[in-house]
C-alpha cells in the first residue's frame, strides 16, 4: 500500500513566449500537463512513489511525454497506447490586466476513447494507497464517464483511498451536465477537493454563509469523506494574487496563512495544492500541517513554468519555516 | 463617410530584449510604429474601416511595414513610395527605477520629405468620417508643417472631422518652436487630445487650478472643438503606473476609473487612448462610455509588446464589465 | 477573368528548431501552410491577384492565419468560419542522413467538414481565370470528395480553367482508394501536375519507358489537358537535392535546367513549382519560359523557411538570368 | 544475463550556439555526455535494458543528469553520490575549415575520486551480459586506474563479457603513460574498440601495412578478444566527413558501406558506433550485420545534437534498407 | 595617485533563463563577475581610472573575461595567467517566493592558487589612490589568506588607502573560521563595508541596540577606519526589496533615502554600493552625497542583468535629482 | 613605427537570423563593421598594435562600438565624436541559390561629415608604420574625398606606408565617378589591394589576358606600389565558395593554395585578406608566406559571424600547416 496512482488526460501545452499575444507568436513553448499528471509529477518530486495512467497515441509526441514522466520518476508502465491523437491546448500567457487565454484542442483525443477494459486494473491498484481522479475526466466523453465510476468501484473494493478534485471546467460541460455526474461520485470519495462554488452549483447545497457551513453539510450527507479541501484566491492582477488554503477534518475548518505573490505560470496551481495535500495525508500529518504544506506548495507552483510543481519537499518546508530569502550563497 | 484615416510617420523600432541595456544587446526585436499608424492599427482591430497614409522608401524594410499594416486590415493603397530612408528608433526597455530610453534616428526619413502634392488627397478623404493627425508631423520638417495645414484645410472643405493629438516631443522641437505651429491648428480641430501641460506650455493659457478650467478656456476660444481628451499618469515605478482618462464634452469634464497596472510595453499608450476614444466618437457613444473605453484600451495596451494595441473591442469591454480574471478555461 | 483562386486546407505547422529531434524540442516554430494556400501566397508575391478559400474554426489561431494571408496580399473574404478545430502538423526538420518527419494531426479539422453549400461559389468563381485544387482535399473526408467534384463542375460551367495537383499522400489514403477518385477528375482538368508515379500507380497507365510516353498517353486519353507538368528530384542528402522541371504542351516535352542546391526547408517545394507554372500560364508565356520559371521558383523555395515561397518574380528572373551571386552591395 | 552496464564519467557539456566562437558567446547550450553514458543511452533507445554507473556530486546539476538518464530509460540506481564537483567541458562548435574546440574542466570531479569500495558491485554486475568501459576512465586519476582493473577482474569472475573502447585522449595523458595501462587490460577484454593508431602507438605492435594485419596480430596475442572493431574517418571539411566501419571476427575483417554525410554534432560519433556494435553482439547478429548497423548508427549520430544517439533501431534499419529520403508524409 | 585597484576572484556565471529552474534549463546565460571585479567595472563606468588584478587560467574562457574587462575600460595588464581552472558558479534566478539559488564550482580555481610573489606589486600599487579587497579572498585558500595580508601591508607602506568589504559567505567558511582572519585586517582598513551582523558575529562586539552604537565601538577600537558603510535590505518578495544605505564618518551616522524597487538581477547589489561609495570618497564628496549616490547606484544595479553595474554617473544623478520617469523622448 | 592605423566608417549591422528573409524577421542580430575597422580588429587579434579612427555620433550605440573595439584591443583614443547618426546596414543572410542582400542606410552618417581638421593627425600618424584606407571612404561624401587625399599627403610626408583597398561598391558610386578619384591615389600607395576588375574598370588599363599582365602594367606606371594583392573567388553556391589569393612583388606573381569551404558569414572576407596580408608585410614575411597567411585568414573569416576575423595567428598557422581537423580533445 505504498504508491499513489493518478489517472486522467495529459496534453501537449503550447504557450506563447515573451508576453506575446497569440497573433504575435511564431514560436510556442512546449510543456506537458493535465491535472492528474501534474499531481503525479509533484508527488514524485516530494519523494513519494507515484504512478500515472492515461492513454496516448503511438507517435513521437507521446515519446516526449513518457520521457517527461520518467525524468520526474513517475511510473508509466500501465499507460495504454492507442487512439488517434494527443489532446493539445494553447495558452496565451497574460499579465497585468490581460488575462491568460486558453484554446482547447483536446476533442477526439486518445484518452477520451479509453475504455475500462483496456486498463491493467489489478496491476494499477495493487499496492496503491491513494487513487487520485478529477472531474475533468468524466467531462471528456461518455467513455470517460463510465471509466471513472468503474475505477472508483474497483478501488473501493480493493481498499484504496479515493481522492477526487472537482475541477469544474465550463468550457467542457455545463453545470447542469456536470451536477448529477459529479454528485454521484460523492459516496465513493475519501479526500475531496471542492470549494464553495462546487458546493453551491454542482452539489446544489442550500445557501450557506461560509465555507465551514458548506463543509459541515457535505460531511453530514457523505460521512465517507474524511478530508475536504479548497483554496481561496484573490486576484490583485493577472500576475499578482493572494491565496489561502482550507482543510476540513473531523468537523473542524483550518486555514493556512494567506500568501501574496507574483505569478510566473498560473496553470497547475490547484494541482500543486492537491499534490501538497496528498503528500501530507499520505504521511498522516496533522490537518494544520497538511493545509500549510499544500498552500505553500501551490504558491510555489506559481513561480515555476509548466504545469507541474518541480520542487522538493525541503524547498517547501524552507518557505514555511523561514519565509522568503532572496539568494543563498 | 465610413472610414477613419490617419496620416503620419511610421518607424522601424528596434528594442532591447530580456532587460538588457543597449550596451549589452546583440539582438534587437523589430516592431513598427508611429502615433498615427498605431491609431489606425488599433481602430482596425476594433473593427472600424481604417486607412493609413505615409511615405516610405522603396526597399524590403517597407515591405515589412506594408505586411504589418495589411495583416491588421489597415488600408495601405494611398501610401507614397519614395525618399531615402525609413525613420528608425532604438528603445532600451527599462524597468523598476531604470527608465526606458529612446534613440531617434529618424532624420532625413522619406516621410519628412512628403509633399502635399504627392498625396492622392481626393482618394484619401473620400468616404472619410474622421481624419487623425498629430503634433509629431509638423515637428519633423518644413515640408511636414506645410503638409499638415494643407491637409487640414482640405479636410475641413470636404466635411471631414479633424482629430488631433498634440503629442509634444521635446527631442524634436522646443516649446517655443512648437507653440505657434500647434496653436495655429486649433481652429480646425474637432477632436483634440491635449492635457494640462499642452494647455499651459503650448497654448500658453493663463494659470488655472485644474484641467476643467483649462478645458473651459480652450473651448471658449475654440468653440469648434467638440471633444477634449487627456489622461493623467502616475508613475509608481517604470513598470507600474496608474492611469485615469478625462473627456470634456459640452462643458462637462468626465473621468474614467483609475487603473493601476504593470507594464510590458509603455510605448503607444497614448495612441491606444486616442484610438479608443475615436472608436467611441465614431460610434456616437456617450462621453462616459467614450472615456471608459479609451482608458481601458490604453491600460490594456501597456500589456502588449510593440507600439500598437492588438486587442478586440470585446476584450476591452470584458475588462470594463468584469474586471480582471486570471485565466478562462 | 483576372484572379487565380485556390481552395484547400491550411494547417498550423509546428516545426522543431536548431536541428533538434522531436524528443529534444521544448519550443516549436509556428508557420501556416497547405498546398493550395502555398500556391495562393506565392502567386500574390509574384504580383498576381489571388484568393484563397478554406474553412477555419472561430478562434485566435485562425486569426493568425487570416493575418498571414492578408499580409501576403491574398484575398480571404470567402473563407468560411466554423467547425471544431484547425488541422495541425508537426515537422521534425531533418538533415544529412536524417529524414524530416511529419506527424499529422489534421483529422476532424474544420476544413474536412466543409460542404459545397457553405461556399459563396458565385463570388468565388466570378472573375476567376484559373481555379487550383489538389488531390489532398478529396483524401480528407467524404465531404471533401463531394466538394471537389462539385466545384470542378461549377468551374467548368463558368468557363474557369481548372488546375489540379495530384499530390498523392500515402499517409492519408491508399493508392487503391485514391485511384478511382483522382482519375475521375481528369476529364475536367486543364492544367495537370502529375509525374511518372502518378501515371503508373494512380492513373494505372501501361508501362512506359519515360515521362514523354506517359504524357503522350495521358493527353491522348484526356485531350482537355492543355498542360502536364512535373519535377524530377534527386536526393544526394536530406539537405542537398537536384531538381529538374518538365512541361508537356501540344505533344512536346520540355525540360528546365537541372539545379543542385542546399535545403533550408523542403516543405512546399512542389507548391512553389505549381505557383511558378501558373504564373507563366496566366501570363501566356512559352512552355520553355513556364518550366524554367517554375523550376527556379521551386529551387528558391527550398531556401525559405515556412511552407510558402516568399519571393518576388524579379528575384526568380535574376537567378534564371544571372545565376548565383553571393551578395550585392 | 539480460542487461548491459556501462561505467565512466558523465559531464555537463556547455556548447556555443549559432556558430559563435567562445569569445562571442553569451549563452551556452547544456547537454550531458561521456563515452560510457552515451553508450548506455543509445542502447536504451535501441530497446536494450541498460544501466549506467558513475559518481556525481550532490547538487541540482546532478539532478538534471539523473533526469536525462531516466528520461532515456537508463537504470541509475547504482550511481554513487558524493565528491566535490561535476566534470564539465566547453565545446566551441566548428564548421567548414574551423575545427571544433574543447576546453576540459573535469579535474577534481566526483567521478575521478570514485573508489571500487563505493560501488554496489554485486548489484551492478548481477544479470549483466556485457560490461562496457573505456580508456578515458584510467586516464582520469590513480583511483580510476585501480577501479578499472578491479572491476574487470570482478566481471571476469562473474562471467560478464567485457567491452572496452580505447578512446585515447591526448589532452588527458601521454601515449607513454597510456600504453602500459591500457595494454594491461587486453587479457580481460572480449570486445575491443581499437584502431590502427591504437595498435601502433599504444599496443606498440610492429609496423603493418593495413588494419587486417594489425587485427591478426592482436588476436594472436590476445585470443580472448572475440570482436575487434574500429572506424575510418575521412575529413572533407569540419561539417562533411566520410565514415567506414570495420569488424574483425574469427580471423576475418569485414567492412561496412562508406557513408558521406553532413555533421550537426560530431561528439559521440564513436560512442554511437560502440553502442550499435554492442546492440548487434548482444543479439548475436552476424559480423556483417553488426558492423553495418554500428556504422549507420554512428553516421546517424552526427545529425543529432548532444552527445548521445537519440534514435530507435527502426530508424537505423530504415537507412540501411532504404537509403536516404527527404521527408515522409 | 589617480587610480583605484581591486583584487579578487572573477568567475564565469552561468544563469538560468526565462524563469526556468536548473532542472528545466538547457541553456545558460554567461556573465562574468566577482565582488572586486564588479567594483572595478562599475568605477570605470563612472569614469574613474580603475584596474583589476586576478589570476586566470590560460584558455579561451579567460579571453572572454579580458574582453569583458577591456570593453568596460578596466586596466588588465597586471592579471596573472596560470593555474588549472576558472572559478564558476551557477545561478538559478528566482522570483516571487522562490529564492535564487547558487551552486559554487570555484574550488581549485587559478585565483585560489595565486601567490603574492606572482604579482607585479609595484606596478599595481603605483599611482593607486585606493585598493579595494574583500573577505571573499581569504575564504578561498591558505594562499589567498597570506596574499591578502601581505598586500595590505605593502599598500599601507606605499600610502594607499585600503577599502575592505567584509562580504561574509557562509558557503565558503564558518563564522569561527572567518572571525580571527577578518578581524586581523581591521587595523589596516581605511574604508570598511560591514554591517550589524559582521559587527556581531565576526568582530564579536558586544550587544548593541543599533548600527550607530556598533559603528561607534568599531571606530573607537580602530581609529584608522575613516568610513564605515552598510545597507539595510527589506525583502518584500524575491523580486521586490527595499534598500537604505548608511555611512558613518567622524562619529556621525547618515542614512540615504529608502528605495523600494523591482529586481531584474540581485547579484552584485552590494558591490554596486561599494563602487558608488568609492566614487564619492575618491572625489571627496560629503558623507551624505556619498551614501546617496552609493545607495541609488545599488538600487539601479538590481535592474541590470549580470554582476556589474553598467551605468554612468549621470544616470545615477538623474534618479537622485529627478526621481523615476518612464521614458524620455 | 610600431602600430598600424586604419581609418574609415564603421556601421551597425543588423542581420536576419535563422535563414529568415527580411519580411520574416522580427529580430535582428547586431554586429559592428566596416572595411577598415575589420582590418584593425583582425590585426589586433593577430597581436599587432592597431588603432582605428572614425567619427561617431554621441549616443549609446556608439558606446557599443567603443566597447567592441576595446574588447578586441584596438586603440580608440583618436575617434572623433559628433555628427548626426550612425551609419547602418541591414543584411539578409542568404544560402544555397538565395543571395545575401544588403540595404544600406548610411547616408548622413557622422563619418560622412568628418573633416580633416577634426583629426588629431599628428597623434594618429606618430609611431605608425602602416596606414590602411579604402575606396569606400571617398565614395561617401565630398568631405570624405578631401579627407582621403589630405591624409595620404600627410602620411607620405611623415614616412608612413600607405595601404589601400580599392573596395569598389556599385551601390555607392558609379565606375565613372570612382575612376578619376581612385586613380588619383595610386601615386601615394605602397600596398595596393586591387583585382582584375579594378584594373580594367577603374584604372582603365588596356585589355590583358591575365592578372600578371595587369599587375606588370600597374607597377610600371606606379613604381611606388611595392605590393599588389587580390583574391579570386569561385561561387559554387551562396554557402560554398573557393578562394585563391595572389600577391605581386618585385615583378613576380605568387598564388596561394585554392581553398573550397562552406560559409557562415561572407561579409568581411576581403578585409580579412587585407589584414592577413598587412600582418605578413608588417613582419617582413616572404611574398609566399604573406599570401598564404592572408588567404587562409580570409577563408577562416567565412566561418565567423560578424564582420571581423576573430582569430589568432596560431589558429591560421594551424590550418596552413596541418589542414583541417574536426575536433581536438
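Order as written gives the chain letters A, B, C, D, E and F; numbering starts at 1 within each chain.
Going forward, contacts are C-beta pairs under 8 Å (C-beta built on N, C-alpha and C of every residue); 3 or more make two chains touch, one makes a residue touch a chain.
Chain labels with UniProt names: A, B, C, D, E, F = Kinase, PfkB family.
Just so you know, these numbers come straight off a predicted model, no measurement behind them.
Comparing the CA-atom centres of all chains against that of subunit A (Kinase, PfkB family), the greatest distance is found for F. Of all chains, the one whose mean C-alpha position sits at the greatest distance from that of subunit D (Kinase, PfkB family) is B. Subunit A (Kinase, PfkB family) and subunit D (Kinase, PfkB family) have Cα centroids separated by 42 Å.
With touch defined as above, residues shared between interfaces to two or more other chains in subunit C (Kinase, PfkB family) number as follows: 17, 21, 23, 26, 67, 101, 263. The touching residues of subunit A (Kinase, PfkB family), counted against subunit E (Kinase, PfkB family) in their complex, run 17, 259, 261-265, 296, 299-300, 302-306, 310, 319, 324-329.
Note for the complex: subunit A (Kinase, PfkB family) touches subunit D (Kinase, PfkB family) at residues 67-68, 70-73.
On subunit A (Kinase, PfkB family), the positions that touch subunit C (Kinase, PfkB family) within their shared complex are 14, 17, 21-23, 25-31, 59-61, 63-64, 67, 84-86, 88, 90, 92, 101, 103, 105, 107-108.
Residues 18-21, 23-24, 94-102, 104, 169-171, 233, 235, 237-241, 263, 266-267 of subunit E (Kinase, PfkB family) are the ones that touch subunit A (Kinase, PfkB family) when the two sit in their complex.
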